[in-house]
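In what follows, chain A forms one complex with chain B and a second complex with chain C.
Entry: the complex of A and B
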């Protein structure tokens, strides 16, 4: 019986020109956005691979050179393109994907495509995530708003209900029929996604992460079914199909536009962050004057000299068994690192708190839950950006320390012309980054997953409740 | 087969149906007459459990429709003033869908076309979308659905209004055929002529009350009109 209803809904929808055209447009956009995202992702990955190879080659071929100038020369670290980044670019457009690792400084990320573009171009950036999270729900609403209300208006609802069909069967038949229509768009998209992922895996040497892809698909199916259930519930209770459409568009605008926007603004207000300029100035000030303002850098240097001489029991810096310049440089690094840890730590904590607010707001808007899960699984959320930034910073510290230790050990006191041997550079390993495992990501996303699941359960109950009390 | 016991319905304090008692046996055709707003549609809606009564009950085959809404609908077929079908589906597809939903999903295409023959619809029309059907054709599809469903009780709400005399006559013939097979029919109508022709009994309603009930074979056409008008006057 449910199958029969589903079949009829499916046939009827396909025969309806308007819906057919709308579905064609959204389905087309989904496929195009997947293809474009994949191409973009692959292009970036190629560029990064080439650039990473280049930066390593340049680093190794520095020859004999003053170590500190090599430290200033630095290297680039690139965030690898995650296999699923072509579905959801997440925060990468804003946070950037590459960082320059050099002496004295923890740098900000570069290559933020959002910063390079006008607002208009940013708006036009179509990702599969946008289509799935924003446009598909709209399509579902257009397909489903008159599911019951329209049949009530045309009188077929009375006809069907007079046959002795239960409202619940009717509702689930309609759900199934709608699923069939949506499958026409989603199945090709999933197949193309899987193929793209396998091709990506080939190229990047990443294994085809089927589990993560499956989770992403399930997450989006849960999200989209919320709109199916809510649409049918509203359609069952609304006094007219126009009113149903109005209510559902209101729900869509709230869930997909207003609440996400408001949550972002409110999060920024509750957990404000300094502007990039202020942030840099504060760090510079702390390094110069000490974190408490009572420990300026020249005083720290004097203390360091006394300490070193005391430690080795000598009274002149030139009598030290190690090179003091190396010690001073490393001490400066260590102090700077403390300052960076504190400032970046605070900044990033603030960003993560902002993310938490958005996740909390998902209780009001399922789009936020879907977006969070999607970014997490795609490897493009803020937490994973932070994870990469920390790995890159640790690599920077290793690199600078290796170089400073060479100066400590090998340079004579006062020798400003010291050059390190050409094999020093190899002692710094190539930067390797291991992205978080799927299990770790799921654990981080558990709150959002719960909210999404909650929406699913509540909306399905709402549909059952509303259809049982359907207007005839 | 169809039974109303003290059936009452109020809308916002106004009585739409007042203490209706009715018993329609298998093979009987009961025609409900009455002015606009007399409570005819309300009665039918109560039998369909589309609205809940404020008093009394409606029984189909002895089951209370409010208590067993799905069970009681198994025996029913409902034909409103305008049989509403899915206009993007063909007549045949509509018939197949409605009979499958009524629990009769074993029919072959030939069986279904047989119902088209039976109600006097051309087979060629069966494959056309319902949006191309005339009103008379739709009403006939309604009967075909009732046949396919093997309904034991028929609820008709002004089924022939707007039909030309020939179509109206054909419809009445079909109705006779159905009642001949033992179907209990409750028909609301404004057509006194049809009521006399195809009804076995008529009831005249006014302001929600059934005020007169008579057997059609005891009276002539002229009598029925006279009695009706008399009842409307006082």
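Entry: the complex of A and C
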């Protein structure tokens, strides 16, 4: 019985020219956005790979040079493209593309690509994620708002139910019919997405791509089915198809437009962050005066001198078996690193708390749950940007330590003319980044996944409840 | 007769719970949006004030230090932190801020102001070393966008209009009251006019009613004196009225098709989606594909190459530079002066990378020009540009800021760099006489012209839709679809 109903729904929808055109547009946009996203992603990846090669070459070809001067020259770390970024660009346009790794300082990422665009970018980029999160739910609403209310108005609902079809079967038949129509759009998109991913994967060689892609598909299916169930539920209970449509459009606008923006401002208010000015001033102050305010840098240096002389049992810095300049430089780095860890840690925790507020607000707006999960799996959320930033910072620390150790071992104390040989630069390994594994991402996303799953279950129950008490 | 229709319609509308519900939601949205906008501009103003305070405190400390060091200089004093050293003063310790304060109406539209920096710490280094410093912000917040008044106007106000007018004719027809109404000696056009005029009045009062309050809050009573504020307020109101008129004209046009109410709702929702979501994002794709801005990563590599090349030729460049600028050295120069060499090298690098940097500005400018022309494809794009322009949070005012920063940076360099070459000691008087950045507000008649030109586009759309609606309505059937 269910299949007959599904078949009827399927055929009827396809015959309706208006819906056919709407579906064609949405399907077309989905494919176009996938293609554009893939091309964009490849281009960025090529540029960043070339840039990474260049920064390495620049680093290696420094020749003979004072090591500390090389540490100031430093290298750049460029954000890699994650294999699934072509589906969802996430926060990529707003993070900055590169960070300078130099002595003494943890830098911010620079050059947000959105700043190199017009204000049009703020209307939202056209990506597969946008189509899946914003446009497809709207299409579902248009396909489904009439499902029961329309049949009631034309009088066929009474006839069908008088044949002995249970309301539940009717509802699931309609779900199946709608699924069939949506499958016509989604299956090609998933196949094209998979092929694009495989083409990407050749270069990235990341092992969890297939699993992650499957999870992404499942996440979107859960999200889209919420709209199917809610639409049918509303259609079953609404007094007219007009009213059903208004309620559903209200739900869509709340979920896709109002709550996501409102949540941003609420999150900023609950978990505020300092201005860049204040942030930099605090770090500078901590480095100068010590984190507790009672340990100024000149006192730290004096202590360090005494400590070093005691350790080697000498009374003059010149007599130390290692160069004190190098020790002092590295001690300065170590102290700075503590300060950076604390301040950047606090700032980034605050950002992640803001993102948690968004995940929580998904209770009101399933779009927030879907977008969070989608960014997470695509590797384009803030948490993974942070992961990369930490990896880059660790590389900076390794680089500076390697350089300072050379000064400790090879330079004489107070010799400002010392130059390191050209092969020192090769002792610093090339920066490699391993993106977090899928399990770790899922753990981070657990709140959002729970809410999305909650929406799925509640919306099914809502549909069953509503159809059981359907207006006839 | 028209007045009777309006009166009757007002009684109907008042009795309908929908009006009060959507009006209430709209009022809450505007209030919340205002609150967010004010919080953001206050944050910016406070940051700029803190920067100014830090600046003057630092200068006081430097001047005190000079007096102290003149009496007895510390034994091991790095020249990078010696306040008497012109290189240190212009490059590090004496840096000054250049800030663009929020415009009077900035809190209404956050626009690009959360993305683009609103102050720079100027130094004698190359401009790109300080213009890439952004405000700290969670990138997810930037992606999601803010809930400001411009958002409420561009996205939500049309929906309010659509809810109140999607069935203004079809509803009466479906209820069977339209034939009765037309049995009176009135034309259908008068009915349409009366119904829409009333709704237009209600929405306009609702949308603008909150704004006097906003202006009062922003201006704190100083509204009339703040330069350009009054003009801005008038333009803001004009833009909103034009936008409201457009959506009502669209409702007339759709209702003229004699469709069912549900079909009207779908059609209007589709048009809303087209104008507010689809056309803007497709235009965004088009604009960035026609004039792509190369990735900044290429710029970084090129700049570093130029810089290491130039550094390797440091002494040569310094010699050439002093030859070209004899006024800087007066006779002989010191070939081992590291600070002087730094600036000679920097000047060479700046000159070499200039063509690369120019590409970014040129491409962005081309994007902006194309976007400006294409904005007439959608009233929502016209509105975004206009509201950002009025609030001073768009790209135009930012470019205006950058141009002033460029001039100030040159002044700053011209003040300190000759002193580096001449090894002139910096004194308290030098600090006192150092250039100061004074923000020059954008010329407001020019802003008004840009905004009004954009509004002409919305008005053209409105007239076209209304003309179509009123002409098609002649064939309207009051009893059936």
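Rule of thumb we're sticking to: the second predicted complex is superposed on the first by the 463 of 472 C-alpha atoms of A that agree within 3 Å, B and C clash if a C-alpha of one lies under 4 Å from a C-alpha of the other, contacts with A are read in each partner's own complex, and residues count from 1 in each chain.
By our rule, a contact is a pair of C-beta atoms (placed from the backbone, for glycine too) under 8 Å apart; a residue touches a chain by one contact, two chains touch by 3 or more.
All of these numbers come straight from a predicted model, not from anything done at the bench.
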Clash or fit: chain B and chain C on chain A? fit
Once the structures are superposed on A, label A:102 by its partner contacts, choosing first (chain B), second (chain C), both or neither. neither
Mind working out whether A:16 is in touch with chain B, chain C, both or neither, as first, second, both or neither? first
After superposition on A, vertex chain A (C-alpha centre) with arms to chain B and chain C, in degrees to the nearest 10, comes to 90
After lining up the shared chain so the two structures overlap, which partner does A:45 touch, if you call chain B first and chain C second: first, second, both or neither? neither
Check the residue A:382 against both partner chains and state whether it touches chain B (first), chain C (second), both, or neither. second
If you stack the two complexes on chain A, which partner ends up touching A:253: first (chain B), second (chain C), both, or neither? second
Does chain A have more residues touched by chain B or by chain C? C
For A:1, using the defined touch cut-off, is the partner it touches chain B, chain C, both, or neither? Pick first, second, both or neither. first
Contacts for A:164 in the overlay, against chain B (first) and chain C (second): which applies, first, second, both or neither? first
Quick check on the superposed pair: does A:154 touch chain B, chain C, both, or neither? Answer first, second, both or neither. first
Given the touch rule stated above, what does A:275 touch, chain B (first), chain C (second), both, or neither? second
Quick one: minimum Cα-Cα distance, chain B versus chain C, in the superposed arrangement, integer Å. 14
Per the definitions at the top, what is the overlap between the chain A residues touching chain B and those touching chain C? none
Which chain C residues qualify as touching chain A in the complex? 29, 32, 36, 39, 43, 46-47, 50-51, 54, 111-112, 115-116, 119, 132-147, 151, 155-156, 159, 163, 167, 260-262, 265-266, 269-270, 273, 276-278, 280-285, 287-288, 293-298, 300-301, 304-305, 308, 360, 363-364, 367-368, 371, 380-381, 384-385, 388, 394-395
Taking the complex as given, what residues does chain A use to touch chain B? 1, 4-5, 8, 11-12, 15-16, 154-156, 158-166, 472
Counting only contacts in the complex, chain A reaches chain C at residues 22, 29, 36, 44, 47-48, 50-51, 54-55, 58, 62, 73, 76, 78, 90-91, 93-98, 108, 110-126, 130, 134-135, 138, 142, 145-146, 240-242, 245-246, 249, 253, 257-258, 260-265, 267-269, 273-279, 281, 347, 350-351, 354-355, 358, 375, 381-382, 385
Considering only the defined contacts, which chain B positions touch chain A in the complex? 48, 50-51, 69-74, 76-78, 80, 82-89, 93, 97-98, 100-103, 105, 149, 155
